[in-house]
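Have a look at this one before I ask anything.
Lettered A, B, C and D in written order, each chain numbered from 1.
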Amino acid sequence: MLTVYVITTGGTIEKGYSEKHGSVENLDNKIDRYLRLLRLPDMAVSIVPLMNKDSLDMNPEDRALVLGMVRALLKENAPIIITHGTDTMVETGTFLERELPSLDMPIVLTGALAPLGFEGSDGLQNLTESLMALQFVEPGVYIVMHGTCYPVNRAKKDHGLGRFVWSEGPQP
Amino acid sequence: MLTVYVITTGGTIEKGYSEKHGSVENLDNKIDRYLRLLRLPDMAVSIVPLMNKDSLDMNPEDRALVLGMVRALLKENAPIIITHGTDTMVETGTFLERELPSLDMPIVLTGALAPLGFEGSDGLQNLTESLMALQFVEPGVYIVMHGTCYPVNRAKKDHGLGRFVWSEGPQP
Amino acid sequence: MLTVYVITTGGTIEKGYSEKHGSVENLDNKIDRYLRLLRLPDMAVSIVPLMNKDSLDMNPEDRALVLGMVRALLKENAPIIITHGTDTMVETGTFLERELPSLDMPIVLTGALAPLGFEGSDGLQNLTESLMALQFVEPGVYIVMHGTCYPVNRAKKDHGLGRFVWSEGPQP
Amino acid sequence: MLTVYVITTGGTIEKGYSEKHGSVENLDNKIDRYLRLLRLPDMAVSIVPLMNKDSLDMNPEDRALVLGMVRALLKENAPIIITHGTDTMVETGTFLERELPSLDMPIVLTGALAPLGFEGSDGLQNLTESLMALQFVEPGVYIVMHGTCYPVNRAKKDHGLGRFVWSEGPQP
């Protein structure tokens, strides 16, 4: 039985439609509800709801909070998924990589361009892929989106294309 | 074969999630895509995309445009559904009722509190109900939402409850 | 607040996929789970699970049971929906009409050609339409399917077309 | 851009509900329609519809056909996914492993316990996982189901549990 922790921080993947305000907002945790749609008999997935923020609003204190939680969970010797807004996902991942120089577990950041539960959402795909990728990769920090697992220092969000792409340098 | 016209004007029912802007917007017509999910072998439903506006942004010129299209379609001697934002649905309906004193067909306004294709959307329910209600009601202007068919002068949106309720006076 | 009773008897609308047997079967009640997807603030819908049978397996005892339950619920002075397999829906409806000559409430039979929860299912559409139609029709027995409300003596299932059609005689 | 071939052979994952027969059957290819729901900007996925059979009906000729197609596609130097019924997935995989002793690409068999498009289906999860796993595994034959990637000689279907489990021997 593989134990996996999922730290949720908000971002588009967890946004919901507020009927009161007529807008999409980070209000409630949605990750647990969607992970339950997956069949994972060999995994024990523990969800740790940490914050529920648009990643453009994440500040150094928020990232310190993420780092603290990652450090605490790493003591359990289990891989970690962090759900996160895509706009600053690379920034948070780079920060974690720098602060955790001797990782012995993979940390995977993932998210979505359209919220879970909205038509055409990529959220459940990215969660599913992350749970598979972390079983194979070396310790380190990764971004998993849309069928690709990037080492965090090789990913960047292309706002024009509306997706992640490989940053400069040779691809694996 | 019953002919029905559906004039689409925008509103929440047709909003979509813009990945570029991270917000819900009235961009594309969605009504046709969702009506195709219904089986209606005895109906010929013609969709007339008129505008795609948040109903709070509808102005007198927009309502004149709706009235003009309704007048044109009434010549076909067929009932009409108008999909519309909920915030000013009663206002548009009241305007149509006043301007069309001798209707001989029913006009049904409907919409949604959550966009078509978002989890928990009421859009397809309201469309389905409208197509059934218009087969039974007398000529006049109605609002169909959430299992209830209101004569337009008896409906009001309760923003606190987030739904339509009967306005004062005895219920049928 | 309109009270409505929904008697469930099985049929395709409630079939589920049995992973053990690799087939579709009438096992569990599904109607309640799908009705909860509808917003019906002005209705109190009570579900009465009576049996869970393929309608080809319904025998005179089963129909007597349906009749008994209908008689009991009619004392509540509320309209009744019966979810039922389509193959013998007309037979059960005709039986009820004959046995209940002085109805003062509408009874609507409905069902589906594809089970609730299967892609392309017509089940929720038919339930939604039934809840609207029963607010308008005179006392009597009806079949509501695919946008049409048939008096029971005017409906027949066309197995070739895979849907209900008007039986001979002038349409309303 | 990673090229991947998906050979479809039928099985539960591709079953559909036949309204005519009231049963689930292998009739049409569904894999392409569901793969289109995934965002895979870095992959070129080519679907090769080979047959559409319940895997209990697959005979030696069918398996020879699968082998022939695999051999042909291996010339393209790309990983291969085979969608397949779960009942004889291990048998087909073992056959391929025996007949292809010097593989230099991974071959992943996957399928589902509930058809694509049925509520609670595991089909899209398994496809998503397969597309991720094949990017990491050594050449060889694998079964990917429910979050686990099994070397084919280590997987067996547990009919009581209704899922795949590790066969005897130490787990990785």
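What we mean here is this: a residue touches a chain if its C-beta (ideal position, glycine included) is under 8 Å from a C-beta of that chain, and two chains touch if they have at least 3 such contacts.
Keep in mind it's a predicted model, so treat the numbers as computed, not measured.
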item: Shortest walk length in steps over touching chains, chain A through to chain C; value: 2
item: Intercentroid distance (Cα basis), chain B paired with chain A, Å; value: 40
item: Computed distance of Cα centres, chain D from chain B, in Å; value: 46
item: Averaged-CA centre spacing for the pair chain C and chain B, given as whole angstrom; value: 28
item: Residues of chain C whose C-beta touches two or more other chains; value: 120
item: Arrangement of touching chains [line / ring / star / complete / other]; value: ring
item: In contact (per the touch rule at the top): chain pairs; value: A-B, A-D, B-C, C-D
item: Touching residues (chain side chain A, partner chain D) in the complex; value: 37-43, 120, 122, 125, 128-129, 131-133, 135-137, 144, 146-149, 161, 163
item: Chain C-touching residues of chain D, taken from the complex the two chains share; value: 12, 17, 19-20, 22-24, 54, 113-115, 117-120, 162
